[in-house]
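Two complexes, one shared chain (subunit A), two partners (subunit B, subunit C).
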Partner chain A sequence: MSTVSTVSTVSTMGLVDVAFWACALVAVAMGVLVFVVDSMARATYALAASFVATGGALLLMQQSYLGVVVVLMMVMEMAVMAVYMVMFMGMNPALMPMSMVHSHRAAIGVAVVTFVALGSGAVLVPWPERRGSPSPDVTEALGTAIMESHMLVMMVVGPVMVATIVVGVLLSSSRTRYDRMGDDLDQPALDPPALERREERR
Partner chain B sequence: MTLETVLLVASALLAVGLYGALSQQVVVMVMMGLELMIAGVLLALGGFWWFLSPDPSGQVLLLVVLAAMTVEMATGFAVATLLHRRAGSDMTDMATELHE
Partner chain C sequence: MAEALEATTGAAGVLLLTFVLAWTASASYAVATGRSGGDAVLHAPREMARLLRQRRRDTISADRLLWRLAGWSLLPVAVLLVALVPLEDAALLTGSLGVVWANTLDILVWAFVWLVGWGANSVVGLVGGYRFLALALAYELPLMFALVAPALAAGSLDLAVVAGAQGSLWYAAWMPVAFVAYLLGVLGFSVLGPLAAPAGRESAEGVLAELSGPDALVVRAARYALLGAGAAVAVPLFLGGASGPWLPGAVWVLLKALLLTAALAWVAGRLPALRVHRLVEPLWTVLLPLVVLQDLVVGIVVVAGR
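Up next, the complex of A and B:
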């Protein structure tokens, strides 16, 4: 009985290892491809694949909620990026060759030094033993934490997200009511609103 | 899968992202580099959580990093849109008003 369970544990560990290395390889290789491929569309897809693999690695560490959120968020984000490219670059992004870099060698040098420093730290530091064990339902534990003991985090993250929406709209809108009617909104409108202009054109 | 291997992969992601953030000229590509760096941070935090102290507080930290990623992305797109409207360009090298 114990032999069977040992064998099954070993095979499970083996599977997890294989899956982890597959995710790791895809994540890093696709991350490199982002800056190697010569079109922005391909770079976007490569980044999406890299993030899906990162989400997969998180899933292997039992973070079912955060892993799935990473995958969903990044897939949506890459869709937004594709729309963005078509909107602003006015090109067929898949066909446009592109290589726009500066300080290429310095950047490679800094990246290699960073990797060597962090990697040697990861290998050489005597990491402590694991303390405690994960709760049976990790997602439920996270939900309970942000609604009970760590509620402050949720209370801060919420307004930050709202502020981000406001900032995003303000920065990216071309002409707001403050542009038309002054900072106190008490000046006569500088130009007719879009509806009137459309009627004039008719 | 050990903590060391997870951290090595995270370091690789961070280094690749750093290269992109430093070397790319198009704002969107710089943002992709930053995203890769944050992905590395996420993976490293996930590894620390799972291999060292798997209690919910660590996961809350991961959630905060994820939120930071969202904020970075949304604000980055908005700034790139603003740059495009004002200067008609999406290159970092042309956004030098503060330098001049």
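Up next, the complex of A and C:
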């Protein structure tokens, strides 16, 4: 009986290891593809696939909540980012292939140095022995940490992010609510089709 | 061996259920848009036969990889959503994070619908893709906050626990705003009914415009499958899961899922597709604050009930 359980533990450990390495390789390969492909959409979704593989690696570390949230947030973010990339780069879908790199040599140099520095740090640092044991419910432990000991960080980061988004939209928008609803905000809202007609009339 | 057999029958059951839900949604939607009963039921198989025989046509310089990958990925999303639904006490895909997984799956639809529009390299497809993302931001936030309410009340992100925590008073009854926001989100990620602008007729069916043959079949079927799957996930979230008199629990789950699918598809088919800017403003300025208030009410009830 004990042999059977040992054998099954070893084989499942093996499977998890294989899956982890597969996720890691896919994550890196997709990350490289971001700079190899010649279309904004492909670059964006290669990055999304890289993040999905990272989420898979987190799931395999039994950080289920973090893993699934990485997939959720990153797919959402990349879907929106693709629109902004295309908007600012002015690329026609598929018809105009364009390079995804600039400052080629400098960028490669910085990337290699950073990768070696961080990678060697992760490999060479003497990691401490584990003290204590993980919480039985890591999701709950994460929630408790965010809502208790790290509450201040979250309360500062949240408003800063919202302010950034609102200011970003305001600065990039050519029309504000005053253009839309008049100086006293009491006119019916005037949106593009009607607005164009009005401007034609002028 | 017994486990493998159980998993295989479970997977086959989920595939079958997704198929039945999609067919129900399609028939009910067809009735709502004016077809007679028999014609509506046969609409899906007829379309299937027609599109399977249709020759595939391509556009110039289409991004075929992303276009096809995205189109064929929509149906698997619906199947995975159905696999999350606990039938009796466990789902095919069990886990303590079913609610978050359901949310993640519906986010994947963002990527796939936009890519179906983008990949075709056609103006109407691209217009549809952009419309979808604008709508997606507006329906997804109320949907996310709507998912918070049942999870908060049950104190768990596990769909089976959420279903079991409801007792005689279903969450749909005392969280109506969250329920409505969730169902609106389901229509959003299945691109049907009032939120069908990304595939709107006035833009030659937008994201669907250039699809043909089997590629068109899988995307069109996926819209109804996603509606059915979204309705099936609502059963453990809002409709008490397996609870009900006389019949076994699994039957109640199936019955509720089918009824909700038929009702939602019928209502969606009766409503006009609204233009994006007519929807985005009320979704952001009215529905989102209402859903947050709903969460507040649920939070107060939970704290007061301790």
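Just so we're on the same page, the second predicted complex is superposed on the first by the 162 of 202 C-alpha atoms of A that agree within 3 Å, B and C clash if a C-alpha of one lies under 4 Å from a C-alpha of the other, contacts with A are read in each partner's own complex, and residues count from 1 in each chain.
Criterion: a contact is a pair of C-beta atoms (placed from the backbone, for glycine too) under 8 Å apart; a residue touches a chain by one contact, two chains touch by 3 or more.
Keep in mind that what you see is a predicted model, and the values were worked out from it rather than measured.
K.L.:
Would subunit B and subunit C fit next to each other on subunit A once aligned, or clash?
P.N.:
fit
K.L.:
For A:L190, is the partner it touches subunit B (first), subunit C (second), both, or none of the two (neither)?
P.N.:
neither
K.L.:
Which partner does A:M147 reach: the first (subunit B), the second (subunit C), both, or neither?
P.N.:
Neither subunit B nor subunit C is touched by A:M147.
K.L.:
Looking at the overlay, does A:A48 come into contact with subunit B only (first), subunit C only (second), both, or neither?
P.N.:
After superposing on A, A:A48 lies in contact with subunit C but is clear of subunit B.
K.L.:
Which partner does A:V69 contact after superposing on A: first (subunit B), second (subunit C), both, neither?
P.N.:
In the superposition, A:V69 contacts both subunit B and subunit C.
K.L.:
In the superposed arrangement, does A:G132 touch subunit B (first), subunit C (second), both or neither?
P.N.:
The first partner, subunit B, only.
K.L.:
Contacts for A:V80 in the overlay, against subunit B (first) and subunit C (second): which applies, first, second, both or neither?
P.N.:
In the superposition, A:V80 contacts both subunit B and subunit C.
K.L.:
A:V36 contacts which: subunit B (first), subunit C (second), both, neither?
P.N.:
Neither partner.
K.L.:
In this superposed model, does subunit C or subunit B come into contact with more residues of subunit A?
P.N.:
Partner touching more subunit A residues in the overlay: B.
K.L.:
Just subunit B (first), just subunit C (second), both, or neither: which does A:M155 touch?
P.N.:
In the superposition, A:M155 touches no partner, neither subunit B nor subunit C.
K.L.:
Subunit B to subunit C: minimum CA distance in the overlay, Å?
P.N.:
Once the two complexes are overlaid, subunit B and subunit C approach no closer than 13 Å between C-alpha atoms.
K.L.:
Enumerate the residues of subunit A that count as touching subunit B in its complex and touching subunit C in the other.
P.N.:
Overlap of subunit B and subunit C footprints on subunit A: residues 65, 69, 80.
K.L.:
Can you check the complex and tell me which residues of subunit A touch subunit B?
P.N.:
16-17, 20, 24, 27-28, 31-32, 34-35, 40, 43-44, 47, 50-51, 54, 57-58, 60-63, 65-66, 69-70, 73, 77, 80-81, 84-85, 88-89, 98, 100-104, 106-108, 110-112, 114-115, 118-119, 121-123, 127-128, 130-135, 138, 141-142, 144-146, 149-150, 153, 157, 160-161, 164-165, 167-172, 174
K.L.:
Would you tell me which residues of subunit C are touching subunit A in their complex?
P.N.:
Residues 61-63, 65-66, 95-97, 100-101, 103-104, 107-108, 110-111, 114-115, 118-119, 121, 126, 130, 133, 136-137, 140, 157, 277, 281 of subunit C touch subunit A in their complex.
K.L.:
Under the stated contact criterion, what part of subunit B meets subunit A in this complex?
P.N.:
Where subunit B meets subunit A, its residues are 1, 3-20, 22-26, 28-29, 32-33, 35-36, 39, 42-43, 46-47, 49-57, 59-60, 62-64, 66-67, 69-71, 73-75, 77-82, 84-85, 90-91, 93.
K.L.:
Which subunit A residues qualify as touching subunit C in the complex?
P.N.:
39, 41-42, 45, 48, 64-65, 68-69, 71-72, 75-76, 78-80, 82-83, 93-95, 137, 139, 189, 191-192
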